[in-house]
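Going in written order, the chains are labelled A, B, C, D and E, and every chain counts its residues from 1.
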Amino acid sequence: MAPAATSQVLLSPAELSFLHSSLLLQPPVRPDGRAPNQFRPLVAETDILPGANGSARICFPDGTEAIVGIKAEVEKSQWRANLSEDGAHLGTGGGDVEMEEDGGKPQEEASSHGNGEMSWIELSIEIPGFRDDDPLPIFLAAMLSEGLLAGEELKDRLWINRRFHWKLYIDILLLSPPLSYPLPLLSLTTHLALLSSRIPKLKSEQDEDPLFDDDWEASLYLYPKLPTGKRIDRPPITLLVMAVGSNIIFDPSKEELAVAEAVLAVSVRESQRRENDTSGRRLNLLSIRSVDSPSRLTPSGVPNTMNTATGGSAPVSSQDAVAQRESIDQKGVWNPPRGGVKRALITRIIKLVLEPNGVAQEVMDGLNGVEV
Amino acid sequence: MPREAEPSLNEREFIHQALREQTRIDGRALDAFRELRLQFGDERGVVDVRLGKTRVIARISAEVVAPYPDRKFDGIFTITTEFSPMASPAFEVGRYTSDEIILSRILEKAIRRSSAIDTESLCIIAGLKCFFIRADVHIIDHDGGLVDASCIAVMTALQHFRRPDVSVEGENVTIYSLREREPVPLSMLHHPLCITFSYYDSGEIVLVDANRLEEQTREGEVIIAMNMHGEVCQISKFGGTPVDALVLLNCTNVALKKVQTITKFIQRQLEEDMRKRDVGGLMAELSAENER
Amino acid sequence: MTDRRRINGPPSGTQTPIFASTLKQTPTVRLSPPTRTREPTELRKIFLKTGLVPSSSGSAYLELQHSSQLTSLKITCTAHGPRPLPRSAPFSPQLVLSTTVKFAPFASRVRRGYVRDSAERDLAVHLETALRGVVLGDRWPKSGCDVVVTVLEGEEDAWWGDVAGARERGEGWGLMCVLAGCITVASAAIMDAGIDCVDLITGGVAAVVEEGGGKRGEVMVLDPCPAEHRNVLAACVVGYLASRDEITEVWMKGNASAAISAEELIEKAVGAAAATKAVLEEAIKEAAFVKFPELAKSRGGLNDIDMNG
Amino acid sequence: MPLDTSTYALSLLRLDGRRWNELRRIHAQISTQAAADGSAYLEMGNTKVICTVSGPSEGRRGQGQGGEGGKARIEVEVNLAGFAGVERKKRARGDRRIAELQHTLTQAYTSTLLTHLYPHSTILITLHILSLDGSLLAATLNAATLALIDAGIPMSNYLVACTAGSTSFEESDNADPLLDLNGQEEQELPFVTVGILGDGDKVSVLVMESRVQMSRLETMLVVAVDGCKRVREILDGVVREHGRNMVEGAVG
Amino acid sequence: MASSILLPGDTIPPSALPHAKNPSKPLTLGPGLRHTPPLTITAHLAGPLHTDSKKNAIWVENNGGRYIPHPSDLIIATILSSHPESYTCSLSPYTPPTLLPHLSFESATKKTRPILLPGSLVYARIASTPSSTHLTSSSSSSSPETELECIHPSTGKADGLGPLKGGMVWDISLGFARELLKKGDGVAGIEGVKRFIGEGRGFECAVGRNGRVWVDAGSVGDTVRVGREIVEADGRRRGSEWGRGEMGFR
C-alpha cells in the first residue's frame, strides 16, 4: 500500500469538494484558518533524556508527537589503504576496503575535512503499527537521511582521528499513530535533537586511542555554538508543501492532504556563513521528493445529472458511468486529481521555500527559540 | 477457522468441582507428579523424558568455536527449543507462540542465567577457543507440564553428556576423539529444576504438574526453579488471578521437596545407565566420580 | 532483516586480488576510470520491447546501451492486472496499484540478497507515486494491479575501481538512473496490459557532475552514467507526461549550487524524459503492429527503434 | 565484579544515596498524549516510560475481531528505544526478553481489567521505554495502569508494581533487603518484581530472575509488597490530582 | 471375523467376500474399500478386514486418525457460538465447525429453543455432510458445512439426544467409540459401556463416534472412576489389538 494510504481520511466526496474549492480560493481558506504559509503551532522541548547525547520532543495540537534520541558511540574506523602517488591502486575490488581518495596532493594530516563516511550515521524510524520494512518508515527514513547526509559537515564532525570516529545513531520514535503525514514533525524533531546533541571533548591527541573529558559541561555541540549563542550552521529541515490549483500551501493537515493535487517534500539547509557575516543568510536546497497524494485514492462524487434521486438519469452500465463522469466537468462534484503538476508550479514552490524570510527561514527561526 | 479445542463448560465445571473435593481427573493427589520416565540414547547427552503423555527429547552437542569477544574467558552455552507441529496442531513451524517464548525464557533463566553450567570450564584458550555447548529441546508430545519436562530433560542430558577431552600446550590444542581419551563430564555448579504450580479459586487450590486439560482450565500458574539446596533460581508468575503472597511462599517449600525427589530420581537413573554402559568395567573410576 | 531461508553468499562480492606486479602482463585491466564519450545532452541508446512475458497481462524489457565496457541498465517489468482484489481486501473505489522493485542478486557488484532492502522498497514507493498519477484508477474499481520490476543489471554508484567516489557523497546516484528506467519500462508494461492512462509517462535523469581529469567544473549532463564521472554533485529524476506537460514524480537530491539552479536541473531532466518518449512510442507502436497485422501492412516495414537523443 | 557493598554497611546509604527502604523519585503524568484514548508518562528514577492505550476498538488489520469467548483481547506492544540504555542497542522485533515482557503485561491485565464488558474488541497498550535504569517491568506495569485509568477502562483494582532486592545471595545473617533497585543494583544483586492488585497482599505478578537462597525470598517479598503500597499511594495521588484538574477545568 | 491386516492397494480375494445368505442382496462396501469394475475390490486403508454376511457388508476397520463425519453417526459436540438460525459446533479440534440448527431440538419452536452457551455439550446425530461421494451416505445436502440434529427426523422425538448437563467428557479412540456404539442396542452405547464397567453402579453415559464419552455418575468420585475405567479399557484394547509397544528410541 502507498504510504499515504495509511493516513487516508474518510471524507465524503461532498466534503472533499468543499475543501477543495475553499482551498482554491484566492487566498485559500484553510479549515483551521491558517495562512497558506503558516505552520501549525507546536510544543517543543529539547534535552529531555539525560542518557542520550541529544534529544527532543515535539507535539502538534492534533496529538501527533515524536521523540528523537541521538546517541554517539566511538567506533574503530575501517582500515583504508594509503595510496601511492602513481595511482596503481587496485587492491582487492571488494566493497569492504575503502580507499583514500588521492588527488595527487599530499594528505592533510589529522584534518577531518572530507573524511566523513555515510555509514557513520544511522537513522531509524519507529512508527507504531508499522513494521520496520513497511514502505512508510522506509520512505520517511530515506527522505530524512537524504537531507542530513547531503552535506559534508555533519559527517566530518564525527571524525576523531584516523583510527576512530563517532558513530551517530538517530532513533526517531513516533509516539502517536501517524494521523497526518508525519514528515514535517519528524524532521523538525530531528533538527532540534541534532541541535541539542553534544559530544564529549576530546583530550587525547592525534591517532591515540581517544580519551574524552568526563565533564559534560565541557562537551561540545555537534553543531557548534558561537560565544554569542549563535550557531555556525544548523541541521537541515524538511518541509511538506502541497498545491491545489495554483495555490501553494505549507504544512498541510491530513484533511488538506486529502484534496492535494501535488505534494512535495523539500529539504533545505541554511548555507554556511562566515563567523562575522550576519547579514547574508541564504538557504540551500538539498532535496525534493514528490509524495504520493492520498487524494488520488479518494472516491469520486456523483453529479446530479447521474443521480436519479436528484432528477438525473442513472447510467446504464459501469462503462457508461465512467464515460459520463469523465465527460462532464461539473463544479462542486469531487473528482480525484489525475496527472501531475506543471513545471512552473514546482519552480514556484522552490522559490517560495527558499526566498529570504520565507517559510523555511521562519520555521528555523521559530526552532531557534526552542533552544536550551 | 479450525482452532484448538477449548474445554467445554461441563469439563471446566467438573474439573473445578473435583478439585474442590481434592480429586484430580487422572486420580492423582494434588501434589503428585505424573509418572516420570527417562530413557537415555546410545549417544551421550540424549535423553527422552516422558511425564505422563508429555514427551520431550533433549540433546546436547559440543563444538569448538571462538568465544564472544566480550566474554573471553567463558565458553558458550545455549538452549534452543523447538515446538514441532508433531506435538500439537497448535504449533506451526516458524511462528512463535507465547508458550514457546515463555518456555525458552524460563529455561534460559533457570539453567543458563543461574549458571548451572560452569561456562569458565568450557574455555580452552582465552579469547581464542572454547567449547560451544548447545542443548536442543524438542517437544514431541504435549499434554501439559512442558516447562517442567523440558527442564528435567535439559538438566538430565547435561549430566549425561560427555565432552571430548582436550589438552593445551601453549597455543596448540589437542582435542581427543572418543577412542583416544575417555570424554569428560561437564562441570556443573548446581542442578536447578522447574516446578509449575497451577492454581484455582484464587490460590485456594494449588496443583503440581497439571496436564493439558488442567492447564486450560486454571486461573494462573507460578513456575519456580530451584535446586536441591534450596536456592531459588527464578520465579515467574506472569499475571493471572492474584494470589496471596503466603501461598507463593508455600509453593517454594513444596517445590523444594519435589526438586529433591526428582533430582534423586535423575541421579538413580543416571547411575543405572552408567552401570549398563559399564559392562566391560572400563569406566569404573568414572562412575565413582559420578556418584558425587 | 536477514534471509534465513537460503544460504547466502558473502554480502559483498569478493574478487581475486590483482596485484600491481601482475598488472603489467594484463593490459586489459582498466586502470583509469571510464569517461563519458557522449555529448552532455546525448542519451544512451535505449532498447525497449513489450510483451515478453506471455503469462502476464503486460510486460516490457528495457536496456540501455552499455558504454565503455561498463555495466549498463537492464530492467524487466511485468504488470499483473487489472484483476479482482482478494476477498479479504477492503473495498476500493479505485484500482489498487502495488509496485515491487527488486534487484537480482547479481545486478550489482555488491551482491544483493533475496530479501528486499530499504533502497529497493524506497524505489518502489517512488515508482508507485509516478504511476499513480497516470493510471485512471476509477475505471477499475475493486481491482488491483501489481507492477513487478526486476532489475537485471543495475547502474553502479561509481566506478568500481574508484571506491572512494562512492564514499564521497550521498550514495545512490545509480538508483536515480534505475528509477528513471523503471518508470519508462513500467509505463510500457502498463500500456501492454491495457490499463487506461491519461498520458504516456517516461522517466528522465539529469545531473550536475564534476568532471575529473584536470578541467574542474560543473557540467550539466543528461542520462548520466555515474561511473563515468568523477563526482556527481546533484541529480534529478522526473516522471514526465509529455502531452500534458506535467510531472508526477520528482526526486532531486544533492547540492544544487548557485551556478546551476534546481529549476534548471528539473528542466533538463524533463528534456531527457521527453526524448525517451519517442522510444516508448515506437515500442508501443511496434507491439500494436504485432497485435494487429493489418496496421503494419498499411504502414509498411518497421523502423529500427533505436534512437539517438 | 561484585557491587561494593562495604560503603553501604558503613553509611547505610546506597550508591545513589538512598536508604534501604527508599523509593526513587516517582514522577507521573496522566493524559500526556492527545491522540491516544489514554496515556501516561512515568518516571521511576531514571527509568522513563510513556504508555498509550487505544481501545476498546475493533481488532487491527488481519487479526480477526477482538477477543474470543465474549471478552476483549489485550495486546501489548513494548518498544525499547535504541537510546534507552547506556549503550545504543537496537532490539530485533522478535527479541525474547521483550516478548516475555509483553506476555507478562498481557497476562496481568487480562485478569485485572473487566474484559467481559467489551466483547469482540481489542485494547492495545503501547509502551515506549525512553530511558532504562532498572525496574523495567515495574515501571511498565505502573505506567500501563495509569494509562488504562486515563482511558477509562474498568478494572477490578489498581495494579502497581515495585522491585525489592537483597544485598546477599547467600543464606547469611547480615544481608539486608533493598527497595526499588536501579539498573546497577539489578546487575549485581538478586531481586524480585512484585505486582500487587489492590491494597492487600494479593500478588498478581511475581518475577524473579536471579538465584537466591529460599529464606531470603520472604524478606524480599515483604519489602516489595510494602513498596507497592507506597507506589500505590503516589499513583493514587496522581490520579486524584488529575481528576481534580479535570473537574475544575470542566467547571471553570 | 477379522482376518489378516490389509494394506492400501491390496486386492480383496473373492474368497474373502462374505457369503450372502440372500444372494439378491447387493454387497455393501464399507469404509476403506474401493470397487473397480468389473470385479476388483481394493483396500485404501490399512487395517483388518471385517465382513458381515447378514448384511452382506464388508469394510476395513481403522482405529485412529481424525474423526470424519458420516451421516447418522452419534457424536458429542461442543457449542462454539450462536447465530440467528443455528449454533456452530466443534466435533474435534482443528476441524471445520459444524452447524446445529436451533429448531432441530425436541419440540423446539422459534420461541422455545434451548439456550446453549458457548462451551456447552450436546449429544447429536449427524444429519448431513457436505461430501456426497461417500458410499454410506444416504442423505447429503449441498450445504458446505456438516449439519447436526438432536431429534429423530421422522418422529420428532429426542431419543436421548440433546444438551448434556454436568458430568465429564473423556477422550477415547475412534475405534473403541465405534465398538461401544455397535454393541449397544439402545442409544448412546450404554450397553457397550456396561460391558467394560463393573456391575452395580448407576451412571448416565453417552458415547460419541467422534471419540468422546460423556459420563455422569452423580458424584465426582464415581464419575472419575467410571470415566477412568472406560479410558483404561480403551487402552487395554488398543494394546491388544495393535500390539503397541514402546517406541524404540536410539
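Please note the rule applied: contacts are C-beta pairs under 8 Å (C-beta built on N, C-alpha and C of every residue); 3 or more make two chains touch, one makes a residue touch a chain.
Chain identities (UniProt): A = Ribosomal RNA-processing protein 42; B = Exosome complex component RRP45; C = Exoribonuclease phosphorolytic domain-containing protein; D = Ribosomal RNA-processing protein 41; E = K Homology domain-containing protein.
Because the structure is predicted, anything quoted here is derived from the model rather than measured.
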Remaining touching clusters (ignoring subunit D, no chains moved): A, C | B, E
item: Those chains which touch subunit E and also touch subunit C; value: none
item: For subunit B paired with subunit E, centre-to-centre distance based on mean C-alpha positions, whole Å; value: 40
item: Separation of subunit A from subunit E, taking each centre as the mean of its C-alpha atoms, in whole Å; value: 67
item: Between subunit A and subunit B, centroid-to-centroid distance (C-alpha), Å; value: 52
item: Rounded Å distance between subunit B and subunit D, as computed from the means of their C-alpha atoms; value: 29
item: Contacts with two or more other chains, residues of subunit E listed in rising order; value: none
item: Of all residues in subunit A, the ones touching two or more other chains; value: 132
item: Where subunit B touches two or more other chains at once, by residue number; value: 6
item: Residue ranges of subunit B in contact with subunit D within the complex; value: 6, 96, 98, 101-102, 104-105, 108-109, 113-115, 202, 219-220, 222, 226, 230-246, 248-249, 252-253, 256
item: Subunit D residues within the subunit A interface of the complex; value: 33-36, 46, 48, 50, 52, 54, 60, 77, 79, 81-88, 90, 93, 126, 128, 130-133
item: Residues of subunit E defined as touching subunit B within the complex; value: 78, 90, 92-97, 117, 119-121, 164-169, 214, 220-221, 223-224, 227-228, 249-250
item: Parts of subunit B lying in touch with subunit E, wherever the complex brings them together; value: 1-15, 17-18, 21, 23, 25-27, 39, 41-42, 48, 89
item: Contact set on subunit C toward subunit A in their complex; value: 1, 12-18, 20, 23, 29, 31, 92-94, 96, 98, 109-110, 116, 118-119, 121-122, 124-126, 128-129, 132-134, 136-139, 141, 160-161, 163-165, 167-171, 198-199, 236, 239-241, 244-256, 262-263, 266-267, 270
